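To start, the structure under review is shown below, and the notes come after it.
Labels A, B, C and D are assigned to the chains in the order they are written; within every chain, residues are numbered from 1.
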Amino acid sequence: MFKRVLIANRGEIALRIIRACRELGIETICVYSSADKGGPWLEQATQSICIGPGPSKDSYLRIERIIAAAEISHADAIHPGYGFLSENAHFAEVCRDSGFEFIGPSPEAMSLLGDKVNCKRLAKQAGTPIFPGTEGGIEDIDEAVKIAGEIGYPVIVKAAGGGGGRGMRVAHDEKSLRLGIEQARQEAAAAFGNPMVFVEKYLESARHFEVQVIGDKHGNAVHLYERDCSSQRRHQKLIEEAPAPGVDPAKREKVCASAAELIRRANYAGAATCEFLMDAKQNFYMLEVNTRVQVEHPISEAITGIDIVQTGIRVAAGEALPFKQKDIRINGHAMEFRINAEDPARNFMPQAGLIETWSTPGGPGIRLDSHVRVGYRVPTNYDSMIGKLIVHAPDRETCIRRSLGALGEFKVGPIQTTIPLYQRLLKEPLFTEARHDIKYVERLLSPS
Amino acid sequence: MFKRVLIANRGEIALRIIRACRELGIETICVYSSADKGGPWLEQATQSICIGPGPSKDSYLRIERIIAAAEISHADAIHPGYGFLSENAHFAEVCRDSGFEFIGPSPEAMSLLGDKVNCKRLAKQAGTPIFPGTEGGIEDIDEAVKIAGEIGYPVIVKAAGGGGGRGMRVAHDEKSLRLGIEQARQEAAAAFGNPMVFVEKYLESARHFEVQVIGDKHGNAVHLYERDCSSQRRHQKLIEEAPAPGVDPAKREKVCASAAELIRRANYAGAATCEFLMDAKQNFYMLEVNTRVQVEHPISEAITGIDIVQTGIRVAAGEALPFKQKDIRINGHAMEFRINAEDPARNFMPQAGLIETWSTPGGPGIRLDSHVRVGYRVPTNYDSMIGKLIVHAPDRETCIRRSLGALGEFKVGPIQTTIPLYQRLLKEPLFTEARHDIKYVERLLSPS
Amino acid sequence: MVENDLTELDLRDKDEQATVRRNNSFAPPQVFHQTISTPTGQSQSSTASSAGKSESKGESKGSNDETGLIAIESPMVGTFYTASGPDKPALVSVGANVDSDTVVCLLEAMKIFNEIKAECSGTVVKVLVKNGQAVEFGQKLFMIRPA
Amino acid sequence: MVENDLTELDLRDKDEQATVRRNNSFAPPQVFHQTISTPTGQSQSSTASSAGKSESKGESKGSNDETGLIAIESPMVGTFYTASGPDKPALVSVGANVDSDTVVCLLEAMKIFNEIKAECSGTVVKVLVKNGQAVEFGQKLFMIRPA
């Protein structure tokens, strides 16, 4: 096992990694920017080293400064957290070449899964469902009908030269497809001078479904079931939950197993997340693989009892996964709420400044991952997430009630946070009845 | 189910009950003394009613004021919490007679288990191990030897008229017993003018072992395994853990089952705790039954996943227990640390006053039950416990490491707390190796 | 013991001081348990710093703490009655002169009616609670301008 | 790429400016990457309010912020060397006069030695870091009394 791990990150995830290392008996070195001087998480590290000024490009993204800090502090491994350099295969390579274990996948596995084409090819081999679509335009209607039949209705007909919704037609059967292509070609020819159209799988109501997986250096890979992250605004996840509500158990098992198989074939050691869209019929289409620990990992920890961060460190140090797939069971329901320093009433304007009130919820099933305390000043340099509230309960309904209670207890001031938004969403029937999709938050928030 | 529950308590347990009710869709009424005006937990209640001035005898112990508050607020049940009126059978009776369900056992069951003689008789019938001892003095040595043979060595010979250690002898076998009785009688006769001695079971190194049980009004009773509360100072529990470390699984099952059988025979509905002493050979001797929810209930919640407070409310409302004994499994290890506003460096002098710093730990496995926040003023009127830190981990060793980390993160000021004591105890080999007993804390703290 | 075991005389049906007793063991049978009210600012040894929304909803918002006025506060939890019966006039109204022994209202709790005396001399300036309203301990009932 | 692939010339074995290069892709081969140091009080836009124990242990306690003195701060993370070789004299000592272009020390990181220039004119009043000591970004290295 490692003796000293350098943490190339900040805030709550730095604190999360410090806590994991502490329990494994590992010393920690935190690098920090001068904007983070005095950050509460630094007190919890064995050592901390300032590596540059506030802007990330001059500190948290400066590979040579991080490596220099690892050298002078005699670290033997580097944990990238999420964001910053965590999915930078070059950084992973430099760490390895400089004699520091990168806590994450090998640069090769990271590059393989980071490349859309290669990743899709491997996914096909592994049986991981991928997003079907034509690889180019089509001119022949019969060919389009054949492809649509293969990928399944509904499909969308898009003009190759198009944009802005013009030349687009959604087709739910062959008849409407033939009509749609005819209309789309005419419209496209008139509008763009190019009658070429193509056909893609169309998801009318998709949910974001992602599978937590973890592999080791001995050829093992296990999934920790999935998370539903459909509550998004501008592709930023707001509420995550595990497991995804209302999913057919057999379909769940199959797609989760396929995600584990994918990272096994990639010789992937560490935690990763396979992101899918799920349509209303519970078909899955892989979007991408995130080759790092995810912000929302704690809800998977809650329902499986597996410490994902500690396990990631163990496998990086060469240990085999300490559990098998058959040991993993879903226990209850968990939700995570990202406490962002943003004002929902003013178009989510980021908030920075002194935290004067920070009164946090507690009791059974309440976990808080945050580096904030009264007197902390939220810097302007980094993202607005100042904490994560994780709520675990025996079932989804209790989890929602518990979450409403906890959010009601959570007082932050004077800066505004996303807490009031979550209190609203948790009372929204689309969400409580799990009829939500990835667009429901934006629809709710749009003035209209 | 109840619509409105009046909570006849304060502080963290009032907040715990509010949280439980909230998730069950029950409104809450908190009564409070004027010393608790503005207490943060009151904000979480549906309604709060001042019932008297600070001293408990004029407020939290005034039955007629609590009943009057229940009347004007249209409560349908009263939760007593722990302490105050919680084990007062008369209060339970008045609640019932005034038309309010008492959330706890019937007055009859409470009286039965509260009476030492009757409780011991019932325990004998239920197969619950009780503390053996002679019922009076003996003069005949052979009779003493016979009794000692029955209750098992070691035994202690005590002078009936004695005290202060004089006339006392511990005997490990018949030979030393005969000699000891001879010596004790001579010494007792000389010292007190009364040669009468008696023989009792002697526990050289006892641990405090208590079984969490819960029953309903339909004749069901289930145990939630045990807690070890051996870390005590002046009979005040400091650290509790579950399960008790190093206990033989078969012996655990047997004593826990006998505790459930005891409360089933008492027609007991609600949560109770059967307290035992456990000797070095893991024999158990029941001390008493606490007929209420216990301060340390959260560690049993942690390892079993059962919400004890919610279950107590459900059974009081007439529901059957929603689980069977076979559903209860031990999952991991949990410890509770009572955060007391006392100064360990100055003989645990109670601390009162304004909380200026309250920076709490978080992350996986950390639960905090506390009514405190920055700006809260600890009143002088009540007990010194200002919070409970509950730590859950896969095993005892990890739990200790996690606890040390969490205690290190926990910053309270300017008042002193028992946190530094726990940091010391968690590094104490007697504790970490589970070689502790109920006297080890006091031995460690005694100057010498 | 059930609620109906009470031997009770509803004050509102009688003209004069009535004996109200309850056959129970936790509150001795009593004739108008009378409690002394205490002046504002002395009764509540509140040490809490933040006054949140924990105030009982029954508390009056309209009480002006004008200098020189004395508040008669509720010494108990119960229901406030201005008169000794539904068809009786209010015991005191704004403008009434009171002295220490003047009964200013009744407070009912657990079927027992308690006479509340002014415990000071002066003129009633405000009645802060409505007839039939629930009051908590320490709640201001009347404002008195001392004689 | 392994560490030994480095083409490295240890400065301490050479008399004059040496070419130190590393065959890697993330930092271009360079000759004494030189960085400008900035005066005290302007370089760190620290906004954190509480200075806990998060200070690097390497930070000097003895730096008196006497009015009028300028600090030369470390522009990078690395190891501080006072001389260009083990048998060489210190580049500057207390009492030495420096100007903007005076090389005051070397900072080594990832086998690359970086010359640090004074970037101001004046007299060296204090050397705050020992030869071979690790320094972090923004750490004060020298105190200069401006000319």
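Throughout what follows, a residue touches a chain if its C-beta (ideal position, glycine included) is under 8 Å from a C-beta of that chain, and two chains touch if they have at least 3 such contacts.
Keep in mind that what you see is a predicted model, and the values were worked out from it rather than measured.
Common neighbours of subunit C and subunit D, by the contact definition above: there are none.
Averaging C-alpha coordinates per chain places the centre of subunit A 40 Å away from that of subunit D.
Taking each chain's centre as the average of its CA atoms, subunit A and subunit C sit 61 Å apart. Among the residues of subunit A, those touching two or more other chains are numbered 40.
Judged by the touch criterion defined above, the protein chains link up one after another in an open path, with no loop closing it.
All chain pairs in contact, by the document's touch criterion: A-B, A-D, B-C.
Interface of subunit A with subunit D (complex): residues 31-32, 34-40, 42-43, 45, 47-54, 59, 63-65, 67-69, 71-73, 90, 93-94, 97-99, 354, 375-377, 379-380. Of all the residues in subunit D, the ones that touch subunit A in their complex are 1-3, 24-27, 43-57, 76-79, 109-110, 134-139.
Those residues of subunit B whose C-beta lies close enough to touch subunit A in the complex are 15-16, 19, 22-23, 25, 40, 44, 298, 301, 305, 307, 331-332, 357-360, 362-364, 366-370, 373-374, 393-394, 398, 401-402, 405, 408-409, 411.
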